[in-house]
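Each of the two complexes below includes chain A, the first together with chain B, the second together with chain C.
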Partner chain A sequence: MKKLALAACVVTIWSACKFNSNDKKILPIYGSRKTATRVVNGKTETDTIYQTIPKFKFVNQYGDSITNKSLDGDIYVADFFFTSCPSICPVMHRNMLKVYNTFKNVGDFKILSHTIDPKHDSVPVLKRYADKLGVTGNTWWFLQGKKDSTYKIAQNNYLVAVSQDSTAAGGYVHAGYFILVDKQKRIRGTYDGTDPKQVDQMIADIKTLQAEPDENIAQ
Partner chain B sequence: MRVSFVIILMALAFCSCSDNTKQEKDQLNAILKVHDKVMDNDDVLMKSKMKLDSLLKVKTIKDTTEIKALDVKLAAAEDSMEDWMHKFEPDPAGKSHDEIMQYHSDQKKQIMAVDSVMNQAIGEANQYFSNHK
Partner chain C sequence: MKLTAAFISIFLLAVILLASCENDQSIEFKRYYSSGALVYQTRCQNCHDANGGGLAALIPPLTDTAYLKNNRSRLACYVKFGLKGKLSINGREFDDEMQANDLTPQQLAQVLTYIGNTFGNKLGTVNEQEVAADLQHCQ
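Take a look at the complex of A and B:
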């Protein structure tokens, strides 16, 4: 009986520690950063200013304008694809469907899939693509815009973290990455969208971000 | 005796069929490999294009003829890549093995030609950038 009580104690303590360690998990913040000093009540304070996703404007599969403002208060995942892609995109979006199905009923989550072939991927083509995947509502937007604008935001912002970590020369836009962005539009994770294990990790990380207290989110 | 003959025939037909499928799949994978390389190059091409476009706005550069010519070449390479991409049919349903093999062989030649046009345009743009640092 004593042994049983001891075992129960050990299991309880271990569970508590495990729970706490999950609670404390904080995802890294990617991209460039700079410091800014300010004087508060006569004291000099130094703040870290993290790189954020800048202003943008694209059109979704419903023909609606989507801007950076449309994502205010949302955690989101961004990726780059094109509907006639014969190689990695079908695998990426098969994996993204799992993410969509996990979070489609959550109010503060979105997926942005930017087409890199706007000449072909018009609004009706994107709508047909979304329908074929079974995507409805406003959780997963397929976005179309000028090719230059898409590449600019990809290369200068979303994929900065990827290029920092890699020694390969270029070629990140069509490399199947999923980029996790927090409510403050800071990059918090990059994942290989063709690898189901990494996509599962991203789902776990989205839950971690959702549990992040407001004081951690505020810059 | 007849039964075993039929079984052998069926086995041979099955082997040849799976061999055909493997050949088609290998050929398709070879095309997709070149396609993915071309798509990686599209990143570099877009970077070069953006760089040239920003140079066109620099007021101190009086003669922009070369920049414009390079821009046109990059745009043409981009068009040829997109044109191939839109027409390529990765799943040629209803075609015979020979037809599929012929189609894949033609498509591989085409995507390799696109790759070479892109490399040429990117190479010339890079040359310009290194000559005008």
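Take a look at the complex of A and C:
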């Protein structure tokens, strides 16, 4: 009987721990934030307004126009690369393939890989690269646009969170980061895309985001 | 009695000499191999992966033992000056460019010894003299 009680105790504690870890894990929200006050029914309320990814327009490997609206309702990961990159890009995309294979059949998830060498990486070059990686369908888009727009959105938006976290000076655009963005286009995580362990963490964090209840999502 | 002692000592000497001979070879191999592992990590691994698996249809694997064996005398040239055009590795076609790598003949020997004896390959030691000779015939 004592043994049974002990076993019950252990199971309870264990499941409590498990429950807690699943329930309480909330990813941080990166970027600058502002507060806004508004008057609702005579009472003053304060809202926090988080930094979000602004409007953008690029072209994907199929020649389709992709805008911020194409990502509405999606969790997505963004990175920056170029197809002729001999250094870290193969490592990043070897790791990203794992992410792709984990989530390719999930409707609300996408990967955006922006080329930082649009002159060489035309739409057909990106299509050929995607084909050779074994990427099909519309889960992983390889995006081409004006070099200025790509660098601007990288430095002013996606990689803001990286510079907050990193002590390294400059050069983030080609530093192999994966940026995790939630359905409200807020940055929720940054990961070294060349490190398989950090990429595994990102896969876990994507699952956490997918499980995030709607009331947390609503601003 | 004296004769037996002399015989035994000669026999022992022969064994020691033979053993040290073998040792020299295996020391040379180990030296090349361990330095080669470092060259591989810094210069090859990003593309070819830690396990030599390459990357999908973009970067060929180094696990095709027949290819490496049949092209042994060309490997130093491939690594040093890069490689372009169609390749068939493990029955799969590859058609992307490998960049040139500015490595010394010693580093080439080290990394080829490493690759040549990892990922299922058994090429033995590829030493500096062999590499230097092969480099004379690069196309």
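By our rule, the second predicted complex is superposed on the first by the 214 of 219 C-alpha atoms of A that agree within 3 Å, B and C clash if a C-alpha of one lies under 4 Å from a C-alpha of the other, contacts with A are read in each partner's own complex, and residues count from 1 in each chain.
Methods note: contacts are C-beta pairs under 8 Å (C-beta built on N, C-alpha and C of every residue); 3 or more make two chains touch, one makes a residue touch a chain.
Treat the numbers as computed from the prediction; the structure is a model and nothing was measured.
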item: Touched partner set for A:86, first chain B, second chain C, both or neither; value: both
item: First (chain B), second (chain C), both or neither touched by A:174; value: first
item: Touching partner for A:100 - first (chain B), second (chain C), both, neither; value: neither
item: Dominant contact partner of chain A by residue count, chain C or chain B; value: B
item: Contacts of A:148 with chain B and chain C, given as first, second, both or neither; value: first
item: Which of chain B and chain C A:191 touches, first, second, both or neither; value: neither
item: First, second, both or neither for A:134, with chain B first and chain C second; value: second
item: Residues on chain A lying within both footprints (that of chain B and that of chain C); value: 86-88
item: Complex contact set, residues of chain B against chain A; value: 32, 35-36, 39-44, 46-47, 49-50, 53, 82, 85-86, 88, 90
item: List of chain C residues in touch with chain A within their complex; value: 46-47, 49, 55-59, 96, 99
item: Residues of chain A defined as touching chain B within the complex; value: 82, 84-88, 116-117, 119-120, 147-148, 151-152, 155, 169-175
item: For the chain A and chain C complex, residues of the former touching the latter; value: 86-88, 90-91, 93-94, 97, 129, 131-134
